[in-house]
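Dumping the structure here so I can ask a few things about it.
Every chain is named by a letter (A, B and C) in the order it is written, and numbering of its residues begins at 1.
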Amino acid sequence: MSVRAIVLAAGKGTRMKCELPKLLHTVAGRPIIATLIDEVMRAGVDDVTVVVGHESDAVASVLPESVRLVHQPEQLGTGHAAEVALEGIGDVSGDTVLVVPGDSPLFRAETLRRLLDAHRPPATLLTVELADPTGYGRVLRDGDSVVGIVEEADADDDQRSIHEVAVSTYTFDGSALSAALSRLTTDNAQSEKYLTDVIGILTESGPVGAMLADDPTEGLQVNSHDQLAMVDGAVRMRINQRLMEGGVWMQDPATTYVDATATVEPGVRLYAGAHIEGSSVVESGATIGPQTFLLDSRIGSGSRVWYSVVRGAEVGANVDVGPYASLRPGTILGDGSKAGTFVEIKEATVGEGAKVPHLSYIGDAEIGARSNLGAGTITCNYDGFRKHRTVIGADVFVGSDTMLVAPVELGDGSYTGAGSVITRDVSPGSLAVERSAQKEIPGYADRRARLREAEDE
Amino acid sequence: MSVRAIVLAAGKGTRMKCELPKLLHTVAGRPIIATLIDEVMRAGVDDVTVVVGHESDAVASVLPESVRLVHQPEQLGTGHAAEVALEGIGDVSGDTVLVVPGDSPLFRAETLRRLLDAHRPPATLLTVELADPTGYGRVLRDGDSVVGIVEEADADDDQRSIHEVAVSTYTFDGSALSAALSRLTTDNAQSEKYLTDVIGILTESGPVGAMLADDPTEGLQVNSHDQLAMVDGAVRMRINQRLMEGGVWMQDPATTYVDATATVEPGVRLYAGAHIEGSSVVESGATIGPQTFLLDSRIGSGSRVWYSVVRGAEVGANVDVGPYASLRPGTILGDGSKAGTFVEIKEATVGEGAKVPHLSYIGDAEIGARSNLGAGTITCNYDGFRKHRTVIGADVFVGSDTMLVAPVELGDGSYTGAGSVITRDVSPGSLAVERSAQKEIPGYADRRARLREAEDE
Amino acid sequence: MSVRAIVLAAGKGTRMKCELPKLLHTVAGRPIIATLIDEVMRAGVDDVTVVVGHESDAVASVLPESVRLVHQPEQLGTGHAAEVALEGIGDVSGDTVLVVPGDSPLFRAETLRRLLDAHRPPATLLTVELADPTGYGRVLRDGDSVVGIVEEADADDDQRSIHEVAVSTYTFDGSALSAALSRLTTDNAQSEKYLTDVIGILTESGPVGAMLADDPTEGLQVNSHDQLAMVDGAVRMRINQRLMEGGVWMQDPATTYVDATATVEPGVRLYAGAHIEGSSVVESGATIGPQTFLLDSRIGSGSRVWYSVVRGAEVGANVDVGPYASLRPGTILGDGSKAGTFVEIKEATVGEGAKVPHLSYIGDAEIGARSNLGAGTITCNYDGFRKHRTVIGADVFVGSDTMLVAPVELGDGSYTGAGSVITRDVSPGSLAVERSAQKEIPGYADRRARLREAEDE
């Protein structure tokens, strides 16, 4: 006997008035469907079948390889989708089958596990209690057993006052499911086969089980952008809660956005407006924000990154970044280094203790340890056709507003004069300067003033 | 028979401990009074009279031209204000008159319309049910009819337990209103005529109607900054809800600020901290934010604007803006162009596919298609007296740190060398360069070190 | 008879899975323990004793000097801590003693004052009513008197349904406290002396008093980062509420972060994401934000600071700062001056009406009135060893991309040419320029294209 899961993702590809298929919208940085399947797997189910429809390629691209994909060519209802799934799986008699809708990213592994543990033949429903159950099918109980589900339209007043509702999530004995599915008809307004009717069929022969989820939001399905925002907020709040309990300080959890795929270690401080996305790792003792965007980056212990945008960068320990820095992919900042204010860096290594404090663009470069780059330093890495590299040695002092026309190399301990355009390599310990003599034109202000008066007349 | 509205805005000019008159504070970017009048008009009432007091000019300046303004020279109460309004309107016998307080920006057109539809002679009150009605006048009903309003102070225990309260909003038969107003006295502590007393007078001759609003917040009046913040938040959340239902993705609706006057198309993505203000239009497929401010700007489809401030700009399709760009009025960015990091642009046209990627100030300029401006490019548009224009042709390559001393023109396909100050026009296809020879002073580092040691001794 | 307070801070030094001692975490910018003691003092208690344990030095460093510190060398329970406190204070017979836990920063002075006023011999408990009292000791009352506290584990069903719970905060007659403390034993699982047992001892001889706090959150103790975030949010919301009632406009109070130590005057406008920290003062009529960080800075009336980071700066009246400016310590901006976009200033005075509009780094400098600095102006203040000063007179026009190699001085009314490196002083009224002749190489584009084709072959 084994446990199998069927995730109904076909007919869930509906657009929410925008181009992206619904199941590919993300919650906490991961597609809805991937979020759900992660919880299903964490619940201990390894055999997962996803029934996909029109959007099959797009959906498949975000799923783990171990997932079995089956294709439902026509949208003939959830019951038909389950039939298609069973065809793909093969014989399930003797198995327990968990069926979950693909657009319910709030299910917790713990809840699905509890449902599996609570399973009793032939089937068990997951239910929630809603303050306002209007529109949902009410669960009719006889003690621990469910004797039926009654739709809003068919409910009498007593039944309408029931707050326990079903959330399209079930466990089945495999053989009972197969048998019941074969009895489904399309004898309804939509001409579709409904999985809910299976419960009706099963309760004809006796009661089924039900398990009430602790958290009424778990069954929420995403059908519109406002629901997506709510669900995304709920998942983010779970992540933040878990991080805070683990020792992460947050100035304002409500405006802290940590992807499910990112790592934030205990002892990190996150100020308001921190976005920690993708595969980012923030090490213990680092401070992020306010208002900082990290994507696929690592920030070392003791570093502070604030009012900055950082993508694909490696930031060492005790590094100062910002305010107002942009670190782009390929940036590596050594321990104790600095990327200060109005500084953009890409595809460049900044050595230990080296500083790029202000108003600089550094691209395709290597900067040695302890070097200091003056304000306005620019690596002229692009000649209109190709990108070229700049190499700056250790202990170099680059004067303000130095243009480094790549390919070019500044030797260890060398200097450049402010405002110089450096087109040729500089030897270690030398000063390179490109500059004319400063000339003074006395009385210039007076002349200009007279000229201006003349013009105005 | 026609429907007329009277908006009581006199005596509502109270300051909330700051200089701006109360009714001119904004909700979702529009003055409180303008927000309310828009709803009144959307409810189908074209004949709107606003009673203004001390702040009449300021209030008048934000109202539609079609509104009739009447001036209440002295603050003699809401009843007196209604009298003054009727004098301004003329004969209202046979009309239905809607009376609304001017500082209630949360009323929805739908609710006011429902109130008008529910109107029955001689008058109908709008009511709400409050969880905590303390301090409000309770509505005494006999079935569908109102037999009186009892103030908190005069209420017995039974009456105090009533949660339905009046919100100073009514429909009246015009003739009944006129007649009752003429019977008002100033026989009270404030020596003012109160409109609420009209209901007392009318209920003497028989019951009046009442209509309960669905949303208890609708009647909220703004009397302090914390109420203003709450009301502003409620209006913004309505806007966001409507946008999300229409297909707009929002990372965090709670920190997304869209003015009532702005347009955001379906399929737009708004990240946390997006401010969309004034007459801004964001086209389908554009992505805004995080942390981006748009004022009176248009952003084309497929464009991304993030961590940037954009005012009075036209951004075409598939344009990259930011992080950390400032686009000021008169900026026009062509399709596929780029205004990157630490880039400020004003009164300038950037051609299709042209790029201003880093650390540049472009003002009063025209940039042709496909041109590329190196980091540190500056248009020197100001000579201390006047602004001058810079014209850059198509396919131009501007070297890093080029100063373009306007007026100046770079011909199509021309180049400038890094660090050049360009004061004269450059012919098409030419390279212009302003630069001295690079000199090297060997042993400079050693000499400095020795000098420093000497100083330190 | 006098009133004394004992604050139990020993054993409260627990780390919350991060390095900082718990009581030193801040709410609204002040350490938890300092926040509480400020409220105790504002309640009218001048004689405050704090019992500290392991973290004594760290805790002591954030307390007012008037506070008496006593050291509890071993963690033997809250009862023992009170004993140690009494040893430090001396004779308290005839005094009223308020005992408060050190990790409860939400107590209001008003509530503590009301507790002291409600004190009746021999003791009075502060209580709150919780919607969910699970886990707390329930307060057993006989009318106004408390006859006992029963712990969750020992409570029967009737007692469990009580929602009034104790929050470890009491007033005692000094002599009754001393006597009861001497009867405490360590006869329990933790082998500690518990202060709560004092209430048990006292109620043996007769009832004690109780006072219910209005706000159930006041007694909240901080034991984890999620509680800290909640408590911090609550304190910030109190500050914001108070400011708004006083006439401060806030776009979004939920994302406005004002330290308890900062001053925001009526008539200020704070946009979303304003952080006002430390000793900052924002004067009436100033506008801050969106997204602006102020630390220890003063912003004058009529000034606007937006999308900027400002630390240790004095900003005069009617000054424009940002978007995207960084003002660092020692910055003084005169009335009517401007620090614009991508501008960093430190240790510098900008005169009245002077402007630094774009892309500049100004450090260790003085700028006279009405001077205008072109985009790209940089003070080269650092020669690799020392910082030097730049002095710019009044009415100076600094051309774009001027490097001012300090020490250097520009006389009143002088000019510099764009792109110049200025190494020597400039006389008043003169134009200084450092530049070569502009050369043109015709046909350059064609040659490059041919070269490139050759390479590609």
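Please note the rule applied: a contact is a pair of C-beta atoms (placed from the backbone, for glycine too) under 8 Å apart; a residue touches a chain by one contact, two chains touch by 3 or more.
These figures come from a predicted structure and were not determined experimentally.
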item	value
For chain A placed onto chain B, the superposition rotation in degrees, Cα atoms, nearest 5	120
Numbering shared by both copies at the chain C-chain B contact, with half separating same from different	different
Inter-chain centre distance, chain B versus chain C - centres from mean C-alpha coordinates, in Å	31
Interface hub residues of chain A, defined as touching at least two other chains	254-255, 273, 291, 324, 342, 359, 376, 384, 401, 415, 419, 435-436, 448
Contact footprint of chain B on chain A as seen in their complex	16-19, 25, 224-226, 228-229, 232-233, 254-255, 257, 273, 275, 291, 293, 309, 324, 326, 342, 344, 359-361, 376, 378, 380, 382, 384, 401, 403, 405, 413-415, 419-424, 426-436, 448, 452
Residue numbers on chain B that touch chain A, as the complex places them	240-241, 243-255, 266-267, 272-273, 285, 290-291, 306-307, 323-324, 341-342, 358-359, 372, 374-376, 384-385, 397, 399-401, 415, 417-419, 435-446, 448
